[in-house]
Every structure is written in C-alpha cells, then in structure tokens.
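Chain IDs A, B and C follow the sequence of writing; residue 1 opens each chain.
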Amino acid sequence: MSATMMDVSARLASAMPTPAPKAHIQYRRNSKLDQWICFWSIPVFYVFFGLVFVCLTRTMPPPSANVSQAGAISFFQSVAGVTNTHIGFALLVFSLGFYAMNNALVVVQMKRMEGVSQAMAYAYIVVLSLGALPGCMFIAIVYSVAAMRPDRDPQLVSMLYDMGMLSYVGSLGCFVAQYVVFVIAVLLDKRRIFPKWIAYFSIWVIFTEILAGPIFAFKTGPFAWDGAISFWLGTVVWVFWQFSFTICLYKAIKRQPLDEVVPA
Amino acid sequence: MRTKDQTISLWLAPVTAAVLLLAFCLFRGFLPPLSPAMSAEAVASFYKENAGWIRLSMVIMNLWGIMLIPFYMVIVIQMKRMATPSHVFAYAYLGAASGGGALLALANLFWLMAAFRPDRGAELIQLLNDLGWMTFTAPIGMIVAQNVTLALAILMDARPQPVFPRWVAHYSIVTGILIAPGALAMVYQSGPFAWDGLFAFWIRNSAFALYIAVMFFVVRAAIRQQAVEEGVPA
Amino acid sequence: MTSTVHTAPPAGAATAVVSERAEPKSARHLPGEASMWAFVIGDLVIFSVYFTIYMLYRIWNHQMFLESQQQLSQTLGLLNTLLLLTSSWFVALSVQLARAGEIARAARLIVGGSACGLAFVVVKAFEWSDKVGQDFVFTTNDFFMFYYMLTGVHLLHVFLGLGILLFMWRELGTAAQPRVAMLETGATYWHMVDLLWLIIYALVYLMR
C-alpha cells in the first residue's frame, strides 16, 4: 500500500524505463490502484453505515415491532428531536452509491475466475444494484417522510413505521441471490480466487435471510423484525460473514498478478 | 460496426432529454415546485385540479424516463476503453446507474398514485406526494457515485490520447457537488435545501440537465475517436 | 476464454490440492477439507443459539409447550430418526469402501443413503401436512413456531445434503480415481445433519 501512495504523489514516470503513462493520477504501470481505491471505500462506507443506522437514526437495533400507533409516533419524535433521522438518512443516501464500488470489485475478481462464465459476475452486480432500493434506500425515504410532519395522522405514521422496518429487515431475495451466485462461482472456480471456506460460510447468511422471512408474520418473539433470531442472530452472523468476505476480497486483490489481463 | 449502436444510444440522450423536459414542464408541480409546507388540503386540491396534466406528464416520464440508461452504458463502454489498471470503475458506474433508474421509476409512480383518486383523504394524498418528492429529490448518492467513478477513471486513463478529456473529470466532480445538496431535502422542509428550494431543486436539476447536454458532446467525440481508431465509419 | 497469464495458484488452492491428493498411509490429520469442519463447527454454534432460545421459551411456557408437544406424532419422529441414522451409516460405510477401492459398492451405498434421506423428506412432508390439517400452523403458538422453524431449517440442510450426496455419487461414478477427501467432506456434512436431527428430536419430541 505504501508503494501505491508513493506513486500517486511522486512523478515516477520519468524514472521508468518503459514509456511513461500520461494519466493525471500517476500510477506505476500495471498497478492495482483503482481496485485499492475502491477497496478502501468499503470500511469508509461501513463506518458511515454504522453511524447512520446505529447512532443517528436508531434503526439498528430496530425499534419494537409490537408498538401501538402512539409508540410509532414517539419513536419518530425521539429520533427527530435532534434532527437525527433527517441527517442520518441524508448521509445514507449520499454514501449508498459508493457501495457500487464494493460490488464492482467483486465483479472484477469474479471475472478472473476460471471455469465460471461471466454470467455470475453480471448476476452479482445486477442483484445488488436491484436490492439497493427496496433494501436500503426505501427506509431512508419512508422514515424521512414519516419524520417530516409531526402532526401527520397517527395511522399513517404507524404505517410508515412498519414500511421502513419491514423493507429494511425483510428484503430477502436480492441478497439470497447474491449469496447463491457467489457460492456457485466460488465452488466452481478452478483458480481459487476466493477460498472455499467463504463459500461455505455464505450458506449461513443465506439461512439468515430465510429466517428473516417470518418477520412478516410476527410482531413479538424471536421472529419479529427486532427478534432474537430474525434480527440479532442474523445480524451477528452477517457481520461475521461480511468481515470474512472483505478479508477474502483483500487477499484476492493482493494476490492478483500485476500483469494479468482480465477479460473485459 | 461497434459504434453504430453507441451512436444510436447517444442520440437517445437528447431525445430523452427533450421528452423529460416536456414532462417536466407539463407536470404543473415542477414549475414552480410544490412546497413541502403546503397543507394536506392544498395538496389534495392541487391533485384534484391538475389530475389530467399530472397523469399525462407522469405517464410520459414513466415511459421514457429510463431511456437514459443506454446513454449511460455507452459511457460504461467508453470507460472500458480507457487504459485504467482494471475496469472496476466502469462496473461501479454501471451499478450506480442501475440503482438510480429504479428511484426515478418509483418517484414517478408515487405521483401517479397520488393523482389516481383525487377524492381520497387529503392526508393520504399528501403522504403520496411527500413520498414522490422525497424519492425524486433526496437519493442523490447514485448520481454522485457515477460522477466520482467516472472522474477517477478519467484521471487514471493512461492512454496517450485519453478517451475523455481531463476537464470532464473535474466537471463531473463539480456536477456531483452541485447535485449532492438534494440529500438535504431529508432535513429541511423550507429554505434553499427543501425539495422546492434553490439548491435541492433548481440548481440540482439544472446541473443534471446541463451535465447530460455536455456529456452528449463529449461522448459523441469519444465515439468518433473510437471509430477512427478501429477504422470503421462512425 | 480468458487471456490470463497463469502465475502460481493462490495459497488456498495449494492447500486444497494437497488435501485432495495426499493419502498418507499412517497419520491422517483431518478427514475431508478443513473448510467443511469450520463450516460444521460454525453451523453447530448457530444451531446451539437456536436451541438455547428454544429452551428459554420452553422454560417460560413450560405447560403450554408440554401440551403442544403431545400433538406431535412420536411414531413419525422415531421413524425419521431411524431413517437418518441408517442413512449416515450407509454413507460412512460408503466412504470406508471407497478408501478401500471398492467403488461400485460405495456408489450403491450412497444411493441407499440418499434414498433414506429422501424418505426422511417424504415422512416430514407427511407429518407437516398432517399437523397443518389439524390447524397447527407456524403462527399457532410458540411451540409450533419453534417446531416448524427448527425442523424446517433442518430440512433445508437435508436438501443441501442430498445435493452433496449426488455430487459424491457422481464422483464415484465418473472419476477414474475418486477423491476420497471430497467424499469425506461430503460425509462430514451429512453426519452433521444427522447429529442436528438427533438434538432436535430429543429437544422437541422427547424431552418432557
């Protein structure tokens, strides 16, 4: 990484025996600077994510599913008091687009796989681009609307309260598809761009999506949107997976030979 | 041959821009933009009086709004021609563009829903109107990510003759900065950052429109350059 | 399709290759892939959280749980247990035979194991439809919520296991030299599925 930093600031071009690249951001020929820029956007994004959902908007851990209309209203009042919902979700919509960099990295690595068609890479980016709206953007929009008029009809506020959490915790299919595509690609890949164990671990997160299905039937208990199994265990497993996945991605980029030509 | 479909997609951009501009002007709720401060009754009566125009303009937008995607994909293809270390920025651009399209489609539907039963309860119509405006104005992250990834790719393009000139990178960043305040519509209900305000509405939408117009010429030049390089008539 | 310059395969691949080809005569460190063992351990940890939550709810609602438990068919529960145990036994025998080089018999035993697994699924489907017919559904009460959830998640594991058994059968049928490590890996997964069922059977069906 330090070598890459040097490239950006210093003009090494004239020192190189090969014809100097004329890029505005100088990088050593065949470096992986663009991938590293995208990679390091990942922890930045997750810091934003944690800040927004945990601290500012207080939607993680989720508010109770078992509230009356008054309860829903008081939730929005409690987080809107310091304009947290507003600022929180404004930050989220600003930063969510950068998740595309994360997905693009995985696509580039999946395209390096051998024995796997590029359909898997394209499927991966498509399902995650699709999932961004119902799974993440929707709650931001709906909760901002819910919080903007304190004198709105309680029935409507309660409905918006439900809409937000149900969409956020209950968006399942896009992510199941993401994991399934990933598992298939990793297990079929002869080059072992990603290690086998991350494919096995991905089975767990597929199950956490399945076990989030019951949130549409329960308002209390372990399968409510704030339940011990549907939310808490699911989130713990997911965080563990995401951490492992990011490490595998890091290693995959690091091990990528500099002179490799990835199919377009 | 490989530039013909690109040229067609390119020309779809001004066509789409014209159609969207028409829809924009017909909407009645854009010029001037509806204020978040309007009461439920005022919103409901607005939809009642203008139901016809709203439906017409929104159906037009619904039909044609996504047609910018082929244009964006031409940009993706051109990004792949750049001599960047990998195509990761092109794919990030693609992902971001897809996310953005879904948002426009949804906002559009909310407004159409609001106009469907004008004698629905006023609060319900106001809610649908709020949802439409919030969806249209606030989630700017996709466009910003598109512009940033394009800028990074251009700045890392090591071709002797870059696919897009360097100034496009800076212009993309500036446009992104001008569009970003749209997110503040989630925070403010009045003033320049509300969804009818100077920054979140006028500057945001003008900057976006201007960007499409400018990119039309930039992409056109890039396609021509590609045709020359590959030895085919454009 | 790819115009890649092949450099040395990444370290992960090297480990996989070593575990697939190595047939040490004396000390075998670990049957099957280490990744599968990591998965098994993790899966057991996750299931133990389910079981803990189940036990807590059971303690809080002991009477209701006992009454609802009476509604379960002990016969079908026992039948399913025997089916899975038999199935595991077949699969274990199959791996043993494959190690000894008796490929044809090993393949037949995999088929037998799969048949038992399929029978398990059929019995489970029958058991569930019977319960649903008696109006005991997922949302009836907490006991049935856990009943359907635990047996349901387990059933999904069984489906996955049947797929793995299929791959094992193909390996025995087509490969000139079946990779024993791959068979062991699949068998490890299947034994885990069996173990999970035993715990579920004990906790949900048997325990008073």
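The working rule: contacts are C-beta pairs under 8 Å (C-beta built on N, C-alpha and C of every residue); 3 or more make two chains touch, one makes a residue touch a chain.
Owing to the predicted nature of the structure, the values given are computational and were not obtained by experimental measurement.
Participant: Which is the least count of steps on a path of touching chains running from chain B to chain C?
Facilitator: The fewest touching-chain steps linking chain B to chain C number 2.
Participant: Where centres are the averaged C-alpha coordinates, which chain has the largest centre distance to chain B?
Facilitator: Centroid comparison gives C as the farthest chain from chain B.
Participant: Counting C-beta pairs in contact, does A-B beat A-C or the other way around?
Facilitator: Here the pair linked by more C-beta pairs in contact is A-B.
Participant: For chain B and chain C, what's the span in angstrom between their mean Cα positions?
Facilitator: That pair's centroid distance is 50 Å.
Participant: Nearest whole angstrom, what separates the Cα centre of chain A from the Cα centre of chain B?
Facilitator: The separation of the two C-alpha centroids amounts to 23 Å.
Participant: How far is the middle of chain A from the middle of chain C, if each middle is the mean of its Cα atoms, in Å?
Facilitator: Roughly 31 Å, centre to centre.
Participant: Multi-chain contacts only, two chains or more: what residues does chain A have there?
Facilitator: Answer for chain A, listing residues that touch two or more other chains: 262.
Participant: Residues of chain A touching chain B in their complex?
Facilitator: 21-25, 27, 29-35, 37-38, 83, 86-87, 89-101, 103-105, 107-108, 125-126, 128-130, 132-133, 137, 140-142, 144-145, 148-149, 152-153, 156, 160, 262, 264
Participant: Report the residues of chain C in contact with chain A in the complex, numbered from low to high.
Facilitator: Within the complex, chain C touches chain A at residues 1-5, 7, 9-13, 16, 33-36, 38-39, 42-43, 46, 49-50, 53, 57, 138-139, 142, 145, 149, 153, 156, 160.
Participant: Report the residues of chain B in contact with chain A in the complex, numbered from low to high.
Facilitator: Touch list, chain B to chain A: 36, 80, 83-96, 98-99, 102-103, 106, 123-124, 127, 130-131, 134-135, 138-146, 148-149, 152-160, 162, 166, 169, 180, 183-184, 186-189.
Participant: Once bound in the complex, which stretches of chain A touch chain C?
Facilitator: Contacts found on chain A: 112, 114, 191-197, 200-201, 203-204, 207, 210-211, 214, 217-218, 221-223, 228-229, 233, 237, 251-252, 255, 257, 259-263.
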